[in-house]
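In the two complexes below, chain A is the common chain; its partner is chain B in one and chain C in the other.
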Partner chain A sequence: MEIDREDGRTPNQLRPLACSRNILHRPHGSASWSQGDTKVLAAVYGPKAGTKKNENAEKACFEVIWKPKTGQIGKVEKEYEMIMKRTIQSICVLTVNPNTTTSVIIQVVHDDGSLLPCAINAACAALVDAGIPMKHLAVAICCCLADNGYVVLDPNKLEEKKMSAFAYLVFPNTTLSVLPEGSSVADGEPVEHGIITSVTHGVMSVDDYFLCVENGCAAAASLSAFFRKNFQQSQRDSSKAG
Partner chain B sequence: MGTEVSTSPTSLIDQTVVPGDVVLDLSNMTNQTIKLGSGLFQDNDAISAMRAGKLRYTKPNKYWVESSHKRYIPRPEDAVLGIVVDSKSDNFWVDIKGPQLALLPVLAFEGGTRRNIPKFEVGTLLYVRVVKTNTGMNPELSCTDASGKAAGFGPLKDGFMFETSTGLSRMLLSSPTCPVLEALGKKLSFETAFGLNGRVWVHAAAPRVVIIVANALMNSETLSGTQQRIMVEKLLEKISE
Partner chain C sequence: MGLPDSSQDLSTEMEVDAFRRIFPLRFFERHLSESLRPDARPLGKARDTIVNPGLVSTADGSALAKIGSTTMLAAIRMEVMTPSTDSPDEGCIALEFHMPPICSPTVRPGRPADAAPVISKRLTDTILSSGMIDLKELCLVSGKAAWMGYLDIYCLNADGALFDAALLSAVAAFSNLEIPVVALNDNGRIVAISGGKDEDNASIIEKKAVNKEKRKLTLKNIPFSLTCILHKNYILADPTTEEESIMDTLVTVVLDASDQLVSLYKSGGTVLAYSSAVKSCVELARKRAKELKQILGEMDID
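Moving on to the complex of A and B:
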């Protein structure tokens, strides 16, 4: 039994994605990521010398500044900043540039549902544009649970309000490898099936949560493929001279 | 589940890689010394990419990821353009667009002794060579080449400095000479200094020559050889009216 979504998508279908990098002049890396109508701009400055107080000087430090579209900065924005900081810290290689600070600034251009995953994707693209060393990319997706138990991916704002629970999930990207298959495993599962961050709202059962994770993982693979293709195309456009 | 790659690619050399791609498997290559350049890091037996770019290989054993960014990662024996931000009794603090400020010892000049220490004001542009880069320490610079001669290093007077990406600097420094520089050099006379950290200095007798050269260089990043020549011709035509 399929659910009817207002814009005619199937439950597992994502909205149209668009990503462009190196769009701002002053930051060292910048990217804009849009999923349907939700659009987020990310800018990266750094690495710059010196860490903040109370931060480990043997590792690189990250700071995230979240700027909402309208209104003052409040608890919601601070929470997003903390989630993003922890996500970025786990995907970046912290030992390469010790005692430096990298700032990531997120500007919400339009919010139409699935805002935090869109912001995480934009920040990841901006970090790649700035050349910050990373272990792998982070691919984020929002999965929500409808009343009749179905999992719906990438909701827009109206759908998010109607759902009983939703989860933002962040996975590592699918990587190309010259290793023979099956060797990049950790505890019997390929690295891509791991999970970096998970934020949930509402009430859902454990089985439903695992169902969300499964569906999200499959969608993450198509998001990584999009990112890789987007990057390859921009490389091709800019290196015709080579 | 998902889209697993059914046959792992045998080699990713000269292909675009994104962070996380495993590019080399060390368990197959025993008894070989491999040199890893920028953008690669070692995770036990697998070498994976840290940055997104093209994987390059030169014989006998050098691998690196080529990418162009606005910031610079200091490497020894690179010639860069730095700006003095502070001067202390032993060192000058120089900004080279890297993660840390770099140190230029006060005696690292040809014939430098305690009696003839150069006085650089804050904001002086210097053409320097990177000597040492250790993780966690500030990079060290020198105004002499490896044998102690000046070889063109030192302060750059007059002229105009602008910032570009590291990829453009590498292209302008490549040999044989870049087409845009050849085409400009046939008609105009000017002096340039390119730093591998993305800074370019241009000097000429007339300001309009400086402006033409600077604009031509800034536009040539994404153009192919013939496109660069056409662009330079159009610029020069407009000017000589």
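Moving on to the complex of A and C:
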């Protein structure tokens, strides 16, 4: 039995994506990412000299500042900051610029569901715009579990509230490989199926979680293709302008 | 490459403690290759766990939980408040996780630890979404009075797996909780009855007591958690602070009594989690949930 979504999407369909980079002039890198009505602005400053007190001076350090649309900063924002900081630390090459701090500032413009994945995607685009060296991108997606066991991708705010459980999943991006074997494999599974970050809310069975991961992986592949197309397009535009 | 050679040269001459400080990763990997950890635990085994209920006499419910050296003290105070208009017959729980400077040399007074608000929020989400507590049980008079539970968890010693110990102490405090006796007085307000043998008190209790005796909450779907470290092909259950600082990929699995997944939390980390690793972590969490259920059961009988 299929699910009817209010905006007429199929369960596996994402909302229209839009990404623009280099929109702010002061930060070294900036990007705006929107999925449907959820819009997030990300700015990157750095690398700047020196690390914070308890951080390892032999590696690059990252700090994330999350600014909500309204209201004061509370525990929700602190949790998002910590999740994003650890995700960004795992995708960036930390040994290239040791003893430096790179700041990523996230400004929520509008929240209509799936906010943390949107912010992670925006941060990745901003880091690419700033030229921070990275191993791969972090592609984030929100998967919800409906009552009848179906997995629904990229919910809006009303859907997130109605669903019994949802999971924010972050995967590395898919690689277009020049090797004849295709993408690299670790332990018999392709590298893109590894989970970088996973945050779940609500109770679900273990099998339902793995179903979410499967669907999330497939969606991450289409998000990776969108990232690639978006970056290649702006590169072509800037080379034409030059 | 310079470093591996120099460590091989020095390792024969160096003391164990010095080697542990200077080459921590190699020290741990030497142990992992023998499927052991420096404290002689096998890879999938958690540290010794103790739960002591009812330590704080001024609180309505309290518990101390120790997993190895990590110590958490949880205490609950109940207060009467007016429920919100959206949910007139539900009470609420306010959870706060504190990391005072006593718990770790990295926490300084005046600067709250980075981890504290994050663990606080994760605990609130886990406890509320697991459905352990039925908020309707906290209602006194529909629309006018309901219980608000202030749960404070203090970390007394931070030695890794803070979330696991904090969740265990919170669950133990809730099972130790006894809701105080209250009555409706003439002004229509709820007053606490101290339990004295006053004749006036006794008559009030008979006529207008909202709840006759101290009762306990019914807990269903108790969540149990296990944090694991992923490092290359190894999965280490219940890490200490030293292990967490060297190997940075942590996965926390929270399962409830009916084997449902309440939360699977992995926040970045150098190692990517493939389905096989996640399945192993869930298996370890299942075993741990059985152990913890037994420990809580023994605590209740006492």
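Observations on the model:
Everything below uses one rule, namely that the second predicted complex is superposed on the first by the 238 of 242 C-alpha atoms of A that agree within 3 Å, B and C clash if a C-alpha of one lies under 4 Å from a C-alpha of the other, contacts with A are read in each partner's own complex, and residues count from 1 in each chain.
To be clear about the criterion, a contact is a pair of C-beta atoms (placed from the backbone, for glycine too) under 8 Å apart; a residue touches a chain by one contact, two chains touch by 3 or more.
If you're wondering where the values come from, they're calculated on a predicted model, not measured in any experiment.
Clash-free side-by-side placement of chain B and chain C is the outcome of superposition onto chain A. Once the two complexes are laid over each other on the shared chain, residue contacts for A:P172 go to chain B and to chain C alike. Shared-chain residue A:V96: touches chain B; no touch with chain C. Between chain B and chain C, B contacts the larger number of chain A residues. Contacts of A:F227 after superposition: chain B is touched, whereas chain C is not reached. The least CA distance from chain B to chain C in the superposed model is 13 Å. The contact surfaces that chain B and chain C form on chain A in the two complexes overlap at residues 172, 193. Within the complex, the chain A residues that touch chain C are 54, 74-76, 78-79, 82-83, 85-90, 165, 167, 172, 186-187, 189, 191, 193-206, 208-210, 213. Contact residues of chain B toward chain A in the complex are 1-5, 8-12, 16-25, 39, 41, 46, 48, 50-54, 67-71, 73, 99-101, 135-136, 171, 220-225, 227-228. Contact residues of chain C toward chain A in the complex are 106, 114-115, 117-118, 120-122, 125, 129-131, 221, 233, 248-249, 256, 259-270, 272-276, 278, 282. Listed in rising order, the residues of chain A touching chain B in the complex are 28-29, 46-49, 58, 93, 95-100, 128-131, 133-137, 172-181, 184, 190, 192-193, 214, 217-218, 220-222, 225, 227-228, 231-232, 235, 237-242.
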